[in-house]
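The following pair of complexes shares a single chain, chain A, combined with chain B in the former and chain C in the latter.
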Partner chain A sequence: MTTPGLTWIYAVVPDVADGLLDGMTGVAGEPLRALTAPGLALVVGSVPREDFDERALQQHLADLRWVETAVRAHHRVIAELARTRRTLPLRFATLYRDDRGALSFLRGAGPRLQAALDRVADRDEWGVKAYLDAPVPDAPATGPADPPDGAAAADDRPGTAYLLRRRAQRDDRARRFEQAHERARQIHAALADRADEAAEHPLQSAEASGRAAPMLLNGAYLVEHARAAEFGAAVTELGRRTTGVRVELTGPWPPYSFVEIDAEPVEPAEPAGPVTGSAPAEGG
Partner chain B sequence: MTQPTPWTPDRSYAPQSRAAMAPAPSANLADLLERVLDKGIVIAGDIRVDLLDIELLTVKIRLLIASVDRAREMGIDWWEHDPSLSSGKRDLSLENRRLRERIGELEAARSADRDRTDRAAADGDRADEAPPVRRRRSTRSEP
Partner chain C sequence: MTGAGEVARTAPYPVDDRRIALVDLLDRLLAGGVVVAGEITLGIAGVDLVRISLRALVASVSTLVAETDPDLWDPGPPDGDLPHRELP
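Now for the complex of A and B:
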C-alpha cells in the first residue's frame, strides 16, 4: 500500500461477528473491514485516491461500464451482508477521507441508525413492476369501434373517415392505457396494504426496462420474511386477476428503498486535507 | 386462499440471477442503479460527488442509449410504430446519433466548467462550496 486510501462505506450492520467480512472485497477489489461503535458496525474498505478522489470519480461516473462494475460490486457487498444481518445500505459513492470522518458519522448518527436497523429487521425489499399488457400495434380499426358518423362519412369522404378512424383508434388506446394505469394504482395499493412500507421508483422507459410495453408501476415493498411467500402469491394473483396489466416481481433486495434517514454528519467534516487537527468529538 | 408461489424467498439477495430465470434478463441494471445510486442512507461523506445532478443524468442517459440497441436486438420496436411515442417514422438511429453528439457537447462544456470551478474552489474557502449533497425525497408512500 503506497498512500493511504479513502474510506468507502458500504453499510451499517449490528455486528461483524463470525468472520462476516472474511474474503469479501469491495468496489476496488479491496478487503473489507469494520469500524465499530457500541451495537453498530460500519463496513468499509480503503480505496485508492487516484481512482476515487472527487475528480477521478466524476470522470469514472461518466463511463457506464465502470459504473456498472462498481455499482454491482457495491451491491454485492450489501447483498452479502443482508443475507445474514439487518443491513442499512449506504448510497453508492459515500466516501470519507479517512476512517476518522466515517467513525464520527457512525457515532453521531448512532441512535438513528439503531432505529433504522430495527425498522428493517427481518424484512426484505421486493420490487413489483407492472406493464401494459398486449401492446397495441397500429391495427386497422374494427367495425364496432367506429363512431357512427365516421361510418356515414366513409362513403363520400374517405379522407375524413380515415381521420375519424385514426382518432377513434387513438382514443381507444388512450382509454385502455388510462384503465391499465388505474389498475396499476390499485395493485400498488393492494400490495402496500400487505407490506410494512411501500415506495415508488420512477417508471422506467422501454429502453431501460428492456420491455416493449410501457411501465405502469415501479413499486418497492418492505415485507417481513415470514410474509414473503404470501406477498409473492398476492403478486401472482393480482397479476392474473388484472386484465390488461402484466406484473413482474423482483427480489428479495436489501432494503435500499427504505433506509432514507437523512443521516447528515452531525458536524460537517473539517474542510482540510487527509489529516485534520483534531477529531471532531460527537459526544453530545 | 393458498396460491402456489413461483418465488420462494431464499435469502440469496440475487435479484439479477433470479430475473435471469424470467423472460427479461436485461432490466436489472436499471433496477440496481435506481436503488443504489439514488437510495440508501444519505450522508455527505467528506468527498463530494454529486450523483443527483448532472452526472447522474449523464449516467442515466448513457444507460438508455446503450440499451436502445440492446432492446432492438431483442426485437423490441413497439415505440417506433406508435405515433404517440415516436412522432412518426423518425429514424431512431439518427436521433440516437444526435443525442450522443449533444451529450458529448454537454460533457465537454461541463468538464471545462468543472475545471474552472475546481481551480476557483482550490483558492477559496471550502465552506463556500455547494452544501453537502442531500437526496431529494422521491420516495412516496401511498396511503
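Now for the complex of A and C:
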C-alpha cells in the first residue's frame, strides 16, 4: 500500500484513543492518521507531493499568505491535541517521503520522546510580551516653531534651539528605554521564578509586531496547570506596578518552546526507505 | 483573551483563533517544536525566507488591513487599551 503523498508530521501524543483524530484535518486539508509505537502515537497527514516537496515548499515560503494558512493549520492540530493529551509539537514543516521514514523516527526516538512528554505533563506554555509604554513625545517644538511657510524670516537661530530640543528629547528617550529594558529583565526573572522553565524568543521588530512601541521582552514560560492562575495574576500585577512598560499575556500555548529532545545518537545516514528518484513529471 | 487572572486549567487552547498574532505563532512554530531530521525540513534558509516575506508583507499591510480582513493582522491588544498600530 503506497501513500501517494509525503508524510507531514504534527505531534507526538501518548495515544489517539477515543476517536481523537476524527474529523481533524491538516495543512493540506487532509485527514489525520496516527503511526504508533509502544506508548506513543505520531500524528501525521499525507500531503500532496507537488505542493510540499522541497522545491514547492521553498516557493510557498515566499508567499506569506500560504505560510499563514499552513502555520495556523499546523498549530490548530497541535492545539486540538493538547486540549486532551500531553503533546509534543513538531517543528513546522517536517516531512518524510513516506510513513516508513516517519515511523523509523518514532521508533528510534521513542524513549527520548517519552521523557520529553513527561517533562511537559500537566503544563502549558504562556507567553509574556513587554513593550515600552512611553507617552508620545510632545510636538517637536513649543512656541512659534512652525514657521508659516513663506516669509518666516529666521531671525535669531531657531534652528539651533530646535536641534537642542531634539537632542534633549532623544537623550530622554534613550534613558527611558534603558530603564524600561532593565524593568523588563526583572519581569522576566520574576516570571521565570514562577515557572518550571523559561525561554526567550527574539524580540519582534515593530514591523513584525505591528506595534509602534519597541518590544522589550518576548518570553515563554512553562507553567504547571495548578499554578496557572497564580502565574496569570503575577503577570497582571507586574504589569500594573511597572511603570513605562506594557505587559501582555498570551496563551495557553502547547509547549512549543520547551520540547527539545536529547540529541540523536549519531549514526551514518541511512535511507529510511527506498527513496525512488523523483519523477520527472512536473507541471511546470 | 480575557483577564490574566482567570486563567484556569480548563482554559481552552486558542484553537483556530485568528486573533492569535501570526508573529507569535511564527516564533513558536518556526523556532520551537521538536526538531528531527525529517527528509524535508525548512532549515535555516527557509526560516529566513519566511522572516523576509513577513517583513515585506507587514510593510505593505497597513493598506491591506483596511481593505480586507481587519482581524487578520490585529495583534490583539488585550483589555481595552486602544491599539497602537499605526505603522510609520
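Please note the rule applied: the second predicted complex is superposed on the first by the 228 of 284 C-alpha atoms of A that agree within 3 Å, B and C clash if a C-alpha of one lies under 4 Å from a C-alpha of the other, contacts with A are read in each partner's own complex, and residues count from 1 in each chain.
Going forward, contacts are C-beta pairs under 8 Å (C-beta built on N, C-alpha and C of every residue); 3 or more make two chains touch, one makes a residue touch a chain.
These figures come from a predicted structure and were not determined experimentally.
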item: Clash-or-fit label for the pair chain B, chain C on chain A; value: clash
item: Touched partner set for A:212, first chain B, second chain C, both or neither; value: both
item: Chain B versus chain C as contact partner of A:55, first or second or both or neither; value: first
item: Partner chain(s) touched by A:75 [first = chain B, second = chain C, both, neither]; value: both
item: Partner chain in contact with A:38 - chain B first, chain C second, else both or neither; value: neither
item: Partner chain in contact with A:95 - chain B first, chain C second, else both or neither; value: both
item: Partner chain in contact with A:192 - chain B first, chain C second, else both or neither; value: first
item: First, second, both or neither for A:236, with chain B first and chain C second; value: both
item: Touching partner for A:29 - first (chain B), second (chain C), both, neither; value: neither
item: Touching both chain C and chain B, counted on chain A across the two superposed complexes; value: 6, 9, 12, 52-54, 57-58, 61-62, 64, 67-68, 71-72, 74-75, 79-80, 82-83, 88-97, 101, 105, 109, 113, 116, 124, 127, 129, 201-202, 204-213, 218, 220, 225, 228-229, 232-233, 236, 248-254, 256-257, 259-261, 264
item: Chain A-touching residues of chain C, taken from the complex the two chains share; value: 1, 3-9, 11-16, 18, 20-42, 46, 49-50, 52-59, 61, 73, 75, 77-78, 81, 84-88
item: For the chain B and chain A complex, residues of the former touching the latter; value: 1-9, 11-15, 18-19, 22, 24-49, 51, 55-56, 58-59, 62-68, 70-71, 74, 76-79, 81-84, 107, 114, 118, 125-127, 132, 134-135, 137-142
item: Residue ranges of chain A touching chain B (in the complex, touch as defined); value: 6, 9, 12, 52-55, 57-58, 61-62, 64, 67-68, 71-72, 74-75, 79-80, 82-83, 88-97, 101, 105, 109, 113, 116, 124, 127, 129, 135-138, 170, 173, 185, 188-189, 192, 197-202, 204-213, 218, 220, 225, 228-229, 232-233, 236-237, 248-254, 256-257, 259-265, 268-269, 271
item: Partner chain C, residues of chain A touching it in the complex; value: 6, 9, 12, 52-54, 57-58, 61-64, 67-68, 71-72, 74-76, 79-80, 82-83, 88-97, 101, 105, 109, 113, 116, 124-125, 127, 129, 201-202, 204-213, 218, 220, 225-226, 228-229, 231-233, 235-236, 246, 248-254, 256-261, 264, 272, 275
